[in-house]
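I'd like to ask some things about the structure below.
Chain IDs A, B, C, D, E and F follow the sequence of writing; residue 1 opens each chain.
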């Protein structure tokens, strides 16, 4: 069976202090593999889809192991290129109560960030696939990343793939070089079928501030503006997060198409295990709905359930079979399954 | 001093993933010894009672260590028989938020499950004891277990012991063979003085569904039916659990005798450490009241407090001195004891 | 730059069971360095102040490592004396839900507790400093500790330092010898500029019970009584803690001067990581305000924020830069910082 | 690129006590995936070959993870069948000095052991491959395993594959049922091109005892007898191990063909990390030589080097790139590579 | 079955740094229960004998757990008295190469050391037993310990028990008070049937230096002198240890009776896991021979094998079934048992 | 007391796989702080000397913690400059048997490597010190490092300090840019009083190959050549290492002055715990001799003993009091110190 969904982005290693300790409070680090796009690939593989990743990885023990971890979870790594250079890292200190988690990026100058756009042969890489997923992290890494992301998205559109773009706006990364996010992200929105973006992401792209609208209209207004600006765009989805403390959030979600709007009430997440990758799990969940031909409502509910479940699992990604997500959509209850 | 309470059942090894990780997410398993009846024995030993276990254990390093763990907690293991065969295992993945814990049983064909009823010399095993505790897990394991449980309970009754039976209905186990739970459990209810059972357990035994009654009457109605069906039965107790999430439950409890009913309002358990064994700790707590000649109200309150405390301790059993349980019955507060 | 704040007290080693396990449930102990006064020194060093500790430490590997841990966090250890004897220890079992944490002290007869008052050359030790911090733990350790604490406080006052005294009343310690807390603590209150004490601490000193006053007046009444009794006293501050469960507290705080009163509403702390040292972090936070010339309101808010944050970090002390505390005073939110 | 080497056998989970502890001395188990044939597949994948495994695996979290671990190391798992049943386990206590390591098998009645020979469609499974590797463990598991192994080997031979058989004689497994090892293993030797077997394995098959021959002739005599008995057999290889203590072995190796004999002097292995899987690494190393067209001498030297290296790595298998094995064939030395 | 062997001495907790780390190099301690006499009791229980311990233990969580660990290994703890006071501790830093292991004692003033001789009712405690084992550690702890040890040994002799005394001379402990080892130990040698002592121990007792004799005669000469001085003494046994490095020792052993001498050549122990408790395992092994009616040669060989095996197991004691020790007496070899 | 010895170089974090695992074989990394020059500073601080480090460290949590670790061990960190940029890392996989340890450097572009020579104010930094220690690692990092090292050494010489230079030649680092090691290292040799260098280091500097000389003359000949080429040079010292396996080395050492030569026979190190930093411990040991006014023989013996001991301790540096090193110079033996 050929790979149906391809994800283009950087693999990262997360090096985290144990439990709720401060970074290096004790001399130990827990390692997880992550990366926004890889997270989506792994979650979709867990849902039973044929997925693969495209990217450039350091040709050393770290890079080889990061790729191996993806393979372990059933993701095809044959499209990864191993190149000299370093592996992108991030150090994580997990917060608690009113102490937010801290991410210390050490990803500059990685093999991925240095990979020129023309090192990728897009027609060959995309052959046979139906979906291409990419995110706003890649263009934020620098000129090479921005060029590669745009080339990838355009090639995918040209080849008839469904292009999925997750905004994932990270101000810190954009500030490290002189890229123009509005211009670059616009080029990506312009070829996307589905975008994961809330009013802030759309605001960056359209250089507008939607936050002045009445609360209930902020997202619809922003979505409408995006649909006007990008005629090929078909679907806009996002989660909304209210944080009562570091460990206790409410998570809601919505999806807009040109024809309709679906909104789910917030789920209370009290006692969060690991918040990172929640958005990626949401994206994977929504895409699972699309890939299995479900309607927008089901896709959204499956996406929000996947996002919620991600908060209960350590590491960057969710890797659960669909049955365990579907259990949340019903009345399964929370007792031990035995 | 002779042993006053004997518990008949299977020792199990729990192999659990660390923290809130998925099973085998990292290559490590935490080991705990458990088993519904052993949990009761250990908790009662912690409360200062002379307890012992009866059963069959694999004659290998795993079985020897499981028995040793019971000895460590003060339980007499002289009545255990070591026999060829395997040790019953279960793998546990502890859940969080909306992801329920998952138990993967690997207990089929264990030395205990294969032990024929006639391998136990009941009069000799029960000599000198005052209470026999058994649970619905043993008869659910297969024909040999069912026969052994019934023989044990009848021998105990014949010898004048107080027979305690904890329903512990596990559909999955019954489905693995062609046993008839209603018929088998009835034989156990028929010789029990005290049963730990809620309306669902009673419903299985009496082949009735009590859930249609008004909420406040479900348990009284079921208890009344049980008292009618089993004339020797003196006491029915159970906890009631409402699960707001995997980590946050409300736990209430009640006891019915032929003369009265006692109900305790729910305790909120928010931030549960380990939910397994909560029912066994409740049973042990109630039995502690009986063994020390306290009234039903005290026994029930002590039982619920023990059950609540179990949720704060990792592993299958509670092993705390009575003082630490009694502290919950008063106004001791929650600050560090120093 | 010379050291501005000196803290006099005992260094302790905390030996704690992992996670929420009972003590020695598994054969492993986590080690943290602590001690009420050292905790204040470390927190202030983290806030950028030049701090040092005064005391007597066991001249062995344990004592050397405890001092090293302070140095690691930027505290000057040159005023520590290494003497034959043992290191004070305490064993900690961290509670959960309704099971309180248990501290098992093993600090009797430590090198610190045995150090006679005249082993300290106060004028030399205090030279150049502006603040001396001590707590009610030291005088509670025995005659030598009481004498040393009083000598230290008087010497500091004589030398023009700002004397800070944290009540930290521990009944168990006082009961182990025949000291008179009211008399001894009075001598310390009598030379203090700032005391950290609530109505119970003041009640011990003045041998009065303030708890009968209307709830809102208990603390003001007690403070007023203290100001009357101790004419040099300038400031009284304390936190107030309401414990809904072992893991969920509300923490409020107030400060009284002769001219005014400031009270902060309670912060909800749900999912506490480590409650020990919360009071020390509060003291350090308030002192940070004083040391940087801020007003009472800011100092109190900074102190309460520091105390709250301490509950999110494992170990006895808080060691965070001021920026991370100040973030709580604003609208920074709780999301991952990346 | 199609898979060149297929390995048919059972996946096992190893659950080992940490370090040199006795089993369950502390409540923790380290998990590794293993199985003689899987070990060969992984080692060959590490050497850069396209490998795959054939077999039946428990359709639960344990089986899914075992397969995932193989995928992680680059082995194709598409030919695994997931079936109801349990996962084969073994518990390991690693020895030291004069205390031998102990293996406690808990693999009876596994999904693999219960898989009937006709559940495998050999022509389809073997399509496109050039080598089939199997071992004496599979036929030892019971009638189903014996039938499946013979069917696999015959189908492979019929399809023109090079059949590799590793004797791996385990008396304990054969004794658990009434199989006739001489007869069954003969059928496998009869269709093998290459066998890994020493004089004891050959002795079992031919029902002869070669140990009476002069030391230097034992293996040549046994090999000659095997070549006479099995006319299609082309190559016999084995290691010879002398154990000075549990941690210090000498490891030599030889290969015989119909035309020649190659013998390597013993390597001293002092300070062994993990001895399990040494023979599988040897087999993989020799096969690497064959697969890359090297002569017998190189293949043997590469095989012995791989076997030695296995002893330096925890777990059942070796997963190193060829360069790290080849370094042992030269004069690379043992200093830190930096 | 009544307890045959009683061991009188102090239970200790060992708190050790992990692996080969320096003490507190990382913030973690591994806990083991030990004590020379308890080690003997546990080893004998492992060999299948009914053993019990006599002593005084701190009445807190540490003491309760230490007793529980003995129970876990099958030792009867009913004769332990729980008393207020602290638990004896020792901190261990395990050495390597040329860095010797370091023990930091923190056992002064323990509940055991403070227990007066008259807190023990010897006739009642010894009733029914056949052997009493004690060691030179107890009298070295102070006047109370010395008195108690002498009283115990005399009571045992009066009651017809076989008295076993293990010299275990520890200069550091004797130096901490003004006891006279020669005089006190003489009183113990004077009532012992069997002593574990080499020429240095005997030299302390007899106030002679035997080291000037020719190497081969040192131990026989010392033993002869002891037999002359103590007419009731029947057996003297000891190991001799040559240390090539911290990790590599040669261990020999001998036993003298009034009628004969048995000497075993040294065993090479290269790659020692844990050297502590080697002498206690030797004593237990020799006693096992006596208890099972074997001759001196077998007892000595079993004792040396047990001592060697102890070096392969972490912790203070050996707990292995006799079969695993006997395997060393034969030709069992060192390969994995599977 | 002012700092006597200053060490200029880069602080690194070592991230190592646990035990003997391959890198990322399990998802955990052990963290140690290191760096050739920091290792020397820490070892000297352990020996009781006032030491400090000079350098540039990343102004983030990693850099702050690395500095804190030095402070913990008593090294003055006041001369460290915190600058934007990343922290130099290296990943370590510890080998065994014939599998060499592997270092994966990830130190390019670190805050230290980017620090221009003129960011250091040498006269101010060196004020009051007597020794400056630097190594060949710093000039190998690139032009900035080379310039800074030369400036430092020249400033130290001009200010009358004793300049110590440790060759530490790392080909891989020099190859990463176009530096000329012979020319740059010559400039450092030209101002050094003491160099740690063997014939290979000297060969690089003098562009000669000394390895053709008779074995016993290689080092004397190389030293003589160095003394001729660098007239101010007073002392050349080095260790010689023969590696029998990854875990078993022989370590010898020598020192040459213009007046004499001292050579020590090799010490056997069998069962090495951690080989990294052995050369730095040697340098610190020799410097300890110089700083305490001992002769060359003592200094060399102390140096070799320190180097040997380093192999017994995990991590990059040795931190032991002189007494534990001196024990090796005598006849102290290897038994447990208790």
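Here, a contact is a pair of C-beta atoms (placed from the backbone, for glycine too) under 8 Å apart; a residue touches a chain by one contact, two chains touch by 3 or more.
Quantities reported herein were computed from a predicted structural model and do not represent experimental measurements.
Chains making contact with chain A as well as with chain C: B, D, E, F. Among the remaining chains, those touching chain A and also chain D are B, C, E, F. Chain centres here are C-alpha means, and the one lying farthest from chain B is F.
Chain pairs C-E and C-D differ in how many C-beta pairs they share in contact, with the greater number at C-E.
Taking the mean of C-alpha positions as each chain's centre, the chain lying farthest from the centre of chain A is E.
Taking each chain's centre as the mean of its C-alpha atoms, chain D lies 45 Å from chain F. Separation between the centroids of chain B and chain F, computed from CA atoms only, is 62 Å.
Note on chain placement: the centre of chain B and the centre of chain E lie 42 Å apart, centres being C-alpha means. Multi-chain contact residues, meaning those touching two or more other chains, occur in chain D at positions 22, 27-28, 102, 270-271.
Contact topology of the protein chains: fully connected, every pair of chains touching. Listed in rising order, the residues of chain E touching chain F in the complex are 19-22, 25, 90, 95-103, 105, 170, 172, 241, 243-248, 270-271, 275-276.
Within the complex, the chain F residues that touch chain C are 68-69, 71-74.
Touching chain C in their complex are the following residues of chain B: 267-273, 305, 308-309, 311-315, 319-320, 324, 327-328, 332-338. Taken together, the chain A residues at the contact with chain E in this complex read 26-28.
Interface of chain F with chain A (complex): residues 15, 22-24, 27-32, 60-62, 65, 86-87, 89, 91, 93, 102, 104, 106, 108-109.
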